[in-house]
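Letters are used for the chains, namely A, B, C, D, E and F, taken in the order the chains are written, and counting of residues starts over at 1 for each.
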Amino acid sequence: MPTTPHLLLQEMTREEAKSIAPQALVVFPVGAVEQHGPHLPVGTDYFTVEHVSRAAAAQVVEQIPVVVAPTLPFGSSHHHLPFGGTMSLSTETYYKLVYELAETLIISGFRRIFIVNGHGGNHELVQLVARDLTLKYEAHLAAGSYWNIAWDEVAAAGREMPGGLPGHAGIYETSQILALRPELVHEPRPHRDLRTPYVHSPVSPYRSQIHGSWQRINGFTDSPDLADAAQGQRYLDAVVAGVARALVEFYRATEAA
Amino acid sequence: MPTTPHLLLQEMTREEAKSIAPQALVVFPVGAVEQHGPHLPVGTDYFTVEHVSRAAAAQVVEQIPVVVAPTLPFGSSHHHLPFGGTMSLSTETYYKLVYELAETLIISGFRRIFIVNGHGGNHELVQLVARDLTLKYEAHLAAGSYWNIAWDEVAAAGREMPGGLPGHAGIYETSQILALRPELVHEPRPHRDLRTPYVHSPVSPYRSQIHGSWQRINGFTDSPDLADAAQGQRYLDAVVAGVARALVEFYRATEAA
Amino acid sequence: MPTTPHLLLQEMTREEAKSIAPQALVVFPVGAVEQHGPHLPVGTDYFTVEHVSRAAAAQVVEQIPVVVAPTLPFGSSHHHLPFGGTMSLSTETYYKLVYELAETLIISGFRRIFIVNGHGGNHELVQLVARDLTLKYEAHLAAGSYWNIAWDEVAAAGREMPGGLPGHAGIYETSQILALRPELVHEPRPHRDLRTPYVHSPVSPYRSQIHGSWQRINGFTDSPDLADAAQGQRYLDAVVAGVARALVEFYRATEAA
Amino acid sequence: MPTTPHLLLQEMTREEAKSIAPQALVVFPVGAVEQHGPHLPVGTDYFTVEHVSRAAAAQVVEQIPVVVAPTLPFGSSHHHLPFGGTMSLSTETYYKLVYELAETLIISGFRRIFIVNGHGGNHELVQLVARDLTLKYEAHLAAGSYWNIAWDEVAAAGREMPGGLPGHAGIYETSQILALRPELVHEPRPHRDLRTPYVHSPVSPYRSQIHGSWQRINGFTDSPDLADAAQGQRYLDAVVAGVARALVEFYRATEAA
Amino acid sequence: MPTTPHLLLQEMTREEAKSIAPQALVVFPVGAVEQHGPHLPVGTDYFTVEHVSRAAAAQVVEQIPVVVAPTLPFGSSHHHLPFGGTMSLSTETYYKLVYELAETLIISGFRRIFIVNGHGGNHELVQLVARDLTLKYEAHLAAGSYWNIAWDEVAAAGREMPGGLPGHAGIYETSQILALRPELVHEPRPHRDLRTPYVHSPVSPYRSQIHGSWQRINGFTDSPDLADAAQGQRYLDAVVAGVARALVEFYRATEAA
Amino acid sequence: MPTTPHLLLQEMTREEAKSIAPQALVVFPVGAVEQHGPHLPVGTDYFTVEHVSRAAAAQVVEQIPVVVAPTLPFGSSHHHLPFGGTMSLSTETYYKLVYELAETLIISGFRRIFIVNGHGGNHELVQLVARDLTLKYEAHLAAGSYWNIAWDEVAAAGREMPGGLPGHAGIYETSQILALRPELVHEPRPHRDLRTPYVHSPVSPYRSQIHGSWQRINGFTDSPDLADAAQGQRYLDAVVAGVARALVEFYRATEAA
């Protein structure tokens, strides 16, 4: 992992943290521990968002003062509970959890926080935290999911995605884990002839929740056997570049405020 | 308002409601009462979403069994509190409120609910409700904001939108209210030479919350004096058509489940 | 409905609302959407309290500065859930909901709020909100149920009430809806030879809650077929007059404080 | 105190409690610890409601199976916090507290509970608890304030009450404490020429909450120096008789259910 | 009970309470109403902690200004619900309850509070309250369970304890109730040849919670028939002495702060 | 770190997790991110408890089926907020957080959970979670702080501890971090001639909370300059051995249940 002692908040003393707080942007990665099909580790979102956040911060540390908080491993994943291997928080607890962690960063002196999310179930909740804390404190917060943040870069990263869009434990995520932690991918990976319609697409014009959808697709979208490590690396590189761009962009926006 | 006695839940007896519940789609409109610049009524979102939901339901009542619940007038609008004229609910209370109202619809026998949202501050919260109730009950829920649901129709509706996108109390919303309730628009409407960058765009790749943004734009986006009643009617017609399409689409999806 | 643009908060701009806030009394009507026997619409309490609040405010607008907030359609009606056609909020959510709506009226500058209630299940909760907000803010709140507020006027309004007191979906309420929305009353209305003892009378010396009481009376009290539209209009006129009197009375009390 | 070992729940073994539970009525006294003017002990409501509940239960123990739970000394008294000497619970905590205590009585096998309240601030909240638990469990609950329960008996008890109605730390309550715990009344007691209008009368047609009311009357109503021990004893006897009557009445109602 | 009018908060007027508040230490006894085997009253913890707190305060009233609040009879006892005769509060409600009662003592002017606990299920919760309030207010709080506070004194009090440590409804507690309220002990008391391993010892290096443990030991530890009234009195005397010592010790520590 | 792919839950697929769940003991490490004096990293508790939990599990994996969940990095540390560099959760949120994470492990099929705590502020809360979940589910939970679990081993580990007991950011913890992450210790470390009395000792007979205590000792106990890496390694080895012993001990207890 491309980290230096001064990039990770947990490795700083309180004096180092206090010293950097007024100027720095804190990147706060939030993941999930949940089923990812029969083939991917349950820590998939946790590993990915931690990698992406730290690598993106390392890319921009020369341009802007940046520090990465410890990754929150656990997310709002109740829709995956029927499959086993899942630790999850309810909507209300997850909101309070991220709210208080970001709030105490502000109480500790930070004024700029970017919550980088790695799990669909957290997507709305981290945005609500950003919205609500910005009203209460003289602080600036950004929040987004890495696939959205880096949409343009991911789209440009390469070959046609058979499923069109990042799914769950499908080609896209499996490719990334094949690049990041290949030893954790269980073979053979499942195959499907056609992409099963995805439960809830991040670009749908509205949210459509059909009871039992996740069970009907056995907890994964499209066809994981089509995933590819080299393509996964291209995706990861694209995501890191996109998140890095957004970190600088948000930092500049806070300077102008 | 294009309603019939049998379209509105509040006008039914309990027997009528019970009779239609197993087959019907309930449309639940949720709005807001909040400042909309110096020129629009604080009920703007409430009026608009109620009109859109009822008109869309009326359009499809021949195709699918549909009923419209009473509009929830109040939303999550704390970002507008500094301007006056605002009634608002906190994030946690709003979530519980919509959750329990939709849950008791399910307890009363309904199996299909579409929450049609008319205010940006509710956008994430109504989706979370839909997600969470679908896990708990054998029921299907959709949730979305009308401008997203009908994005394609709105984009096709007409002249170049100066601000590019629906803002808040700007050209888009002012046009719609000029069409819907012209007597409530205070003249002269404010003018700006250039569109002030919008606080949080619904198509941003991530959410960027800069403290004090709403105050800096005096609570409205772009230039309301450029709004136009005829164009507002085209927007409303487009939104109604788009929501009507989505109601049928979602109903068909629940039939297939 | 006897409303003018300047009577309804939702029809005002934020500037109009801010301008009137320091002097005005806000009337906040709260209703319910719940079963009302086999013959009355589930919106009975919602329709009635909205009518009463707006009409009472219109009667006194020449005497005191008054504004009517949007009606909260939904109430605390869990005791009616077994009958269908009911949307309801739990005790805790309803308290927070009304608390926050009244609180944000205060934050928006209002100093005098009268919560006019149209549903028995909200009776205690709106009083608690009034009590608690008055302690926290330099503001004055009143809260009451319209049949209590206008008890003297209702008692004087006319013929002997067979049930003695307003029940639920019985002679009293059915008469009022026959006057207000006759097209929504389903005929034939149910008959009972004798009034079934009412579940919880508003003038009982203590509250007696017997499990299953509502089911035993099939969700309505006394004998709805004895209701009468002309008598309903007399009741409504009496209620409007009584609420109007209370609005002025409370306003004068706040002036003396 | 007219108690026997078998009247108080706390003096029973679990076996005795289990044995009596299916048939017995549990009386649950709830009081308050709060300022009662400069002359009465802060435990006034706690002492009174404990005395009344135990004495009333003792009167009827031959007629119905009855047991008295430990008194909850603390109530919802935030309106008295500015005066000192007050321990108080917020609205939400008090509701949950009484709810859970009554609920665990039901879980422990009891089917009939009468919450006897001795403090105005608890009045609405104990009723809500009774209402909500009766919906959830096959159990019957009553809840009321002793002055309401025994209104007829109190009214008949004697001389004209100068204030007309029981106030707070005024003639009525001071008389009762002069009878019950005379050594705790601080002399001389304060005098007022005329009764100061009471903050919130239990028989008002609506609740009127004027900010600062309690401070303006220095935390007590009417003129405590006019209180009288003999009259206090008559009041107490009346209250005990009235509560005893209600206990039997409610027990008979549960038998008929 | 060794009390004087000025020792008990509930017997003071508000003026007396306000006058003593800045200097005094408030002792706040918290107990439980829960099953204590087939032989002890369900009020065992409530009786004991009230006795201990008042007696200890009476011992030190000449040395330090001390006042005893009303005993909270009810505790967090859900683990005893399956046995009947139990009134209990959930973890979250109990925390809020004790928090708010101690907080309002602080709002009423007190600066030193010692929560004396008489029930194992409250042990952690009262400590959390003490911790959290000390951060929020300029006040000092102590919290502990009487058997821990007086551990040295209890250990020195006498004969070998067969169970080694205070259990639940075993030799230790039964001895104390034999001394304190002998008329409430049901005979014959149960016997066991060997001490059943205790569910959760207060001096365990970690907490081990085995599902169903309490049921397996029928709700009591060791062998209650071995209890002895004279030894119980020695234990009570030891506890009172130990708590008295701690009250002075804590008071001195607050003076030095 | 002595881990294997099959020791860490996050590295398993859902199928592996489901397969091991009925037999395995899940070790759930919980830490904190908070100030640790001017010289230690804010991640001290997080690093230590993760190391200890994984190493202890690795020691026993041949004896019992064991899996380690992801470490929860954040704790209940509001007492450290005034010093900066701290992310913290309120008492109520932390309880719900750990409760839900452990609960979803149970829902995912696990029946034995050991929460290993590395931060004093979590000590009571993890025990409450263990208690409460064991009542609700047919599952067994243990919870403890590593210094308590391994008290005997730590006491035997070596030289006289100048402070007598593990403090906060003092000799004990600094020694451990010197062994575990020496590059993160800021030199020179602060010195004190005498050990400042510790705020709250884990073996105190009661909890004494003096307002401002942490500020008076500048956030660390005793004299960190006396810490020693070799001794820190001995402490760590002792802790690992003690926790390993407890894991087996608890596992055996669950087998007997």
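Things worth noting here:
Everything that follows uses one rule, which is that contacts are C-beta pairs under 8 Å (C-beta built on N, C-alpha and C of every residue); 3 or more make two chains touch, one makes a residue touch a chain.
Computed from a predicted model, the values in this text were never measured in an experiment.
Looking at C-D and D-E, the interface holding more C-beta pairs in contact is that of D-E. Centre-to-centre, using mean CA coordinates, chain D is 48 Å away from chain F. Separating the centre of chain C from that of chain F, both taken as means of CA atoms, is a distance of 56 Å.
One inter-chain figure worth recording: chain D and chain E are separated by 27 Å, centre to centre, where each centre is the mean of the chain's CA atoms. Order of chains round the closed ring, starting at chain A and going on to chain B, comes out as A, B, C, D, E, F. By the touch criterion given at the top, residues 5, 8-18, 21, 33, 35-43, 46-47, 69-74, 81, 83-90, 93, 96-97, 100-101, 104-105, 107-109, 181, 183-184, 186, 219 of chain A touch chain F in their complex.
Residues of chain F touching chain E in their complex: 78-79, 91-92, 95, 121, 124-125, 127-128, 130-135, 137-145, 148-152, 200, 205-213, 246, 250, 253-254, 257.
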